[in-house]
Amino acid sequence: MTFEGQANMNQLGIVKRHVPRADRAAVEALARHGVATLHEAMGRVGLMKPYMRPIYNPAHVCGTAVTVLLQPGDNWMMHVAAEQIQPGDVVVAAVTADCSDGYFGDLLATSFRARGARGLIIDAGVRDVKELTAMPFPVWSKAISAKGTIKATIGSVNVPIVCAGALVNPGDVVIADDDGVVVVPAAIARQTADAALAREDNETLKREKLAAGVLGLDMYKMREPLEKAGLRYVD
Amino acid sequence: MTFEGQANMNQLGIVKRHVPRADRAAVEALARHGVATLHEAMGRVGLMKPYMRPIYNPAHVCGTAVTVLLQPGDNWMMHVAAEQIQPGDVVVAAVTADCSDGYFGDLLATSFRARGARGLIIDAGVRDVKELTAMPFPVWSKAISAKGTIKATIGSVNVPIVCAGALVNPGDVVIADDDGVVVVPAAIARQTADAALAREDNETLKREKLAAGVLGLDMYKMREPLEKAGLRYVD
Amino acid sequence: MTFEGQANMNQLGIVKRHVPRADRAAVEALARHGVATLHEAMGRVGLMKPYMRPIYNPAHVCGTAVTVLLQPGDNWMMHVAAEQIQPGDVVVAAVTADCSDGYFGDLLATSFRARGARGLIIDAGVRDVKELTAMPFPVWSKAISAKGTIKATIGSVNVPIVCAGALVNPGDVVIADDDGVVVVPAAIARQTADAALAREDNETLKREKLAAGVLGLDMYKMREPLEKAGLRYVD
Amino acid sequence: MTFEGQANMNQLGIVKRHVPRADRAAVEALARHGVATLHEAMGRVGLMKPYMRPIYNPAHVCGTAVTVLLQPGDNWMMHVAAEQIQPGDVVVAAVTADCSDGYFGDLLATSFRARGARGLIIDAGVRDVKELTAMPFPVWSKAISAKGTIKATIGSVNVPIVCAGALVNPGDVVIADDDGVVVVPAAIARQTADAALAREDNETLKREKLAAGVLGLDMYKMREPLEKAGLRYVD
Amino acid sequence: MTFEGQANMNQLGIVKRHVPRADRAAVEALARHGVATLHEAMGRVGLMKPYMRPIYNPAHVCGTAVTVLLQPGDNWMMHVAAEQIQPGDVVVAAVTADCSDGYFGDLLATSFRARGARGLIIDAGVRDVKELTAMPFPVWSKAISAKGTIKATIGSVNVPIVCAGALVNPGDVVIADDDGVVVVPAAIARQTADAALAREDNETLKREKLAAGVLGLDMYKMREPLEKAGLRYVD
Amino acid sequence: MTFEGQANMNQLGIVKRHVPRADRAAVEALARHGVATLHEAMGRVGLMKPYMRPIYNPAHVCGTAVTVLLQPGDNWMMHVAAEQIQPGDVVVAAVTADCSDGYFGDLLATSFRARGARGLIIDAGVRDVKELTAMPFPVWSKAISAKGTIKATIGSVNVPIVCAGALVNPGDVVIADDDGVVVVPAAIARQTADAALAREDNETLKREKLAAGVLGLDMYKMREPLEKAGLRYVD
């Protein structure tokens, strides 16, 4: 349980070129599920903070992470990241300090798409949302801002990052939809997809019962534990 | 002017079964008006905080409140509340501490709808917004979050609650639209609907005049009071 | 570089009637560009804070500013402002203290439109968003709130104001779209439009190259400066 | 469990003169405990939101509530409230909309103190904090702001209010310290004081054991339930 | 009422060397009053947002503004500003985008003090607060952050800026204390000081009356206007 | 550069008992420096978000991390963590969702201190701040709240966590003072301490020069690069 990546994480100015991506079949299996289901399937961990919102609705993306560590007000590393994108990737970007500037617009989206990127997750701002919506190029961000950025200070690409409260390693699977963004570590991508599938089968049955008027109180056998917990019914 | 409900409000673990709802005809009369109009008709009180937003636009709901007091990260009481729903109700949920977790999703929505609920107002987060939008099941919340909840601690159902800064008694009328959420106490539902109707008739006339170019300055006879207040025109 | 307007800015209770608007042709030239482009063309200044959001998407407006300085919870000056509107204007409103109340709804929008206003930018709340969307009357605000306001205290119209962090002089050009709101001083409206045009021509070329797979790293000749800055590629 | 106060609460422009205060002996008994203890003793309800902070540390107050409902940017009702203060009271003020203006300063504090007030709890801003600290007059607020207010619109005094998320009835006991603010309904003041006393006796014992190195795991017999819950120890 | 400074304000990369400061005697007269009083004396304008807080209490400063426009995460211009400081100045700094980085610490404070600066007002973060407190060098900021900044992009010195919502021209008087920060334009420094003095004399009398138990209701003759406004006393 | 810890991080319900702490001598060497210096010495990484504030000033702590992953509103794992504390440790706690509840008070502080803990860093709320200040037991938190927590759901102890935006591995060095909180990975503790020492020696010299009136412009030889960057001096 040592954390080998730590030392490198703390060094700025690194681009890691060869990153093993999560198994492609597992990625596609994960793509069939929503973020809420996957979060449950993983035992309720791995979510980014709920301030990360899609720039348009509905939106959904699933892919392997190319990570970017940016400096405040500076998007130089986004161009460095573009070269590291492989088809099926999702770019995941964090900033070394809180910043709402518009780091990404339609030019970068055009470049990212040409490289095969499926979307962007960024703990900062983006702009050109009308154009991004028209493309469409899905983006989850914490802000929308017309404020541009400079290209003066280096950060890193494909190092472990903390994005909106979640740890993301390059190659991890990132899934985002209207409910938020979840990170599935590459090593457990397959088992998470299997757990999600089992969970969804189970939910279909429950949904039918509930639609027919069965109460969760009865379906989940909650009446006895509620009574034990001290719940009292009064008139 | 004693507040009989107070003592009970401070006791967790209670479900009140027999709650007199606001008069049905008054509820339907209130349903014909928007939240902004009703808020004015009540004398500018009863609004929830503006951070309460619909998960999709446009949205509108009007019904009688089933109230729920939840614990942070725990949605157990939502299942208890489902049983207390009567056709025409709106579920209104508060949490004992600030929490943005996703307390409610498409399974609970299916159950609530089967019981006759018209919508949900929750001072916390919800998830499955794509599915809720498709149903459609209208929800006003302070957050959208894929983060699920547990079922370990009891709260209460149908006690007076404070939701997003507004006091809600079970049986009160709750109206929500794209402008926000307002609570009309059951006892004044009818008179509020009447006041709103008078107000809207009045507004139609005003709208026509303003569209024709008449100034509010003249229509509302504001020029003299503005001058008295010291307003000066300069070149 | 003295600031003549200062003394007047600090006096409440003033309505300036004769305000020279930015050159009409320059305004229409600016209208052809988005906020992100104009912000770049001006050298990355003049933006309002990103919390200013359109009440519906997509939205776009460009016009000359009629400025309003409001008191908290009081929209009296909005009616005074209506009389000062000329066709092609955009009303820009600030409040002397933070306030999320709904200062503006469909009645005022009807009046503003009848006077020729193209839209509203307000560092506060608005209501009747469903009706405003249907008109459509474009509004950028920091909040949506059904909470109405009173008419008791005077402010000012057509004085310099600070709105969402940006200085706005009456007659300046204000452009707003899905990315935010930017203020172009009347004196530099023409040159800003020219700079934006040059910039957009340039962007079309870049977009084509990027779409063809050319990397920004090569197109912008970034590889050498990145190496000089110390960027290291590892395996 | 009807809520008689509701109808009155929704009417602005009322001053209730004769308000039964909580039993004086119970108030003094409550004054011997901290907010955290009282909150536990009441079953974890009745707290205001944690954004309510004392203007200086340490601070502590306990008294019976005179409630005030204010309008945004308007402190007229504070003067009306002054007349209703009796020795031992704490003034508790809410605003009909979010507002950070400085509603209260050293002049009003001088007046409140002369009437016998022990402190102020206000869901808005205050000013003159240096003078208030020197008096000392304890205040809990959500903001400090030099921004003054006007006297133009009426609100109410001694009606039930929602202050920072907590329902407060006039005459209730309000206790505030460095940890926050809690409201104890008059009807349960005595029993809450008794429960708090029992709780604190218990805590003294626990503190001694913990200081001696006994683990909570053993003192509270948590090892077995943790194991049942699935906790695993690894090397 | 043209705003000559506007064009320059929109140009980055400028240092204005010869700035007329407000009259020294007027500055010292203003220094005798608190921010709340001065804000009232100016007619309730000119305040910065209340999120600007002193890094230690109590704190007070009054001086003439040297303004700085910074880039996000970049404090290069602070060194340029140091050279422009004259004894009696207060440095007032804004950033072109929201940023909480620590732009200022004990080294810069040492330099600023050596040049004669009385304090710093910055709409961003600062660090070394323990050392700044020990000096003591008074600072009002929106954040405290150990995060350092770079020196890569130029901004401006002594141009008009918007700082925490307030317009500041170089040479204006800036006064800050525990209640917040207010800007007095150089042109009205003397008259504002006079108005403040009159106001404070008046307040001393009022304070004595209120301390003696006289009610504001009577002292300000509010009973009749309250009754006219519809206030009702009930039992 | 694989991240071995990832898989375990995503499993709740784990307590790791044998955690190698950072070298004791390196820890004590780090303890001699402030957070701002250490952050610079590490290349401007490793900081927690600036919303993490000490509950009293001045405060300083340096120690090896025992990490805790908590559930919202539930502090059960704090008791489990107590047993894992060794003299010289600092407890660092994160929650799986945003929560401001008071997870920690004087009883737990008594227990932690008896085990040898030097302080607590928690991305949530704490209470009993008066008692913690009196002990004194240093705590950095995002909130102060009297709201207590339950003991119903398990989390983990000594797994890698993300706390206030920073990755913390058990055994890392955590340093906190009035400027914030920084995490130094165990593997680079010694080199970071050395770099900080060199940096501080350097700063003493600079401080003397600046105090003597030398400008940073000259000391850092900034005039030429500023001119190259386009800075213009005007009169």
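The letters A, B, C, D, E and F name the chains in turn, as written, and every chain counts its residues from 1.
Simple rule for what comes next: a contact is a pair of C-beta atoms (placed from the backbone, for glycine too) under 8 Å apart; a residue touches a chain by one contact, two chains touch by 3 or more.
This is a predicted model, so every value here is computed, not measured.
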{"item": "Intersection of the contact lists for chain D and chain F", "value": "B, E"}
{"item": "Magnitude of the superposing rotation for chain B and chain C (Cα, nearest 5°)", "value": "120"}
{"item": "Equivalent interface positions on chain D and chain E, same or different at half", "value": "different"}
{"item": "A-E or C-E - the one linked by more C-beta pairs in contact", "value": "C-E"}
{"item": "For chain C paired with chain D, centre-to-centre distance based on mean C-alpha positions, whole Å", "value": "42"}
{"item": "Inter-centroid spacing, chain F versus chain A (mean Cα positions, whole Å)", "value": "26"}
{"item": "Whole-Å separation of chain centres (CA-atom averages), chain C against chain F", "value": "41"}
{"item": "Chain E and chain F, separation of their C-alpha mean positions in angstrom", "value": "32"}
{"item": "Residues of chain C whose C-beta touches two or more other chains", "value": "16, 44, 96, 98, 100, 145, 147, 153, 234"}
{"item": "Interchain pairs in contact, sorted by label", "value": "A-B, A-C, A-E, A-F, B-C, B-D, B-F, C-D, C-E, D-E, D-F, E-F"}
{"item": "Residue ranges of chain C in contact with chain A within the complex", "value": "34-36, 39-40, 44, 47, 50, 53, 57-58, 177-180, 182, 203, 206-207, 210-213, 215-217, 220, 222, 226, 229-235"}
{"item": "Residues of chain A touching chain C in the complex", "value": "13-18, 56, 76, 79-80, 82-83, 100, 102, 105-108, 110-111, 113-115, 125, 127-130, 133, 143-148, 151, 153-154"}
{"item": "Chain D partner contacts - residues on chain C that touch it in the complex", "value": "71-74, 96-101, 145, 147, 150, 152-153"}
{"item": "Partner chain E, residues of chain C touching it in the complex", "value": "1-12, 16, 42-46, 49, 96, 98, 159-160, 162, 165-167, 169, 185, 187-188"}
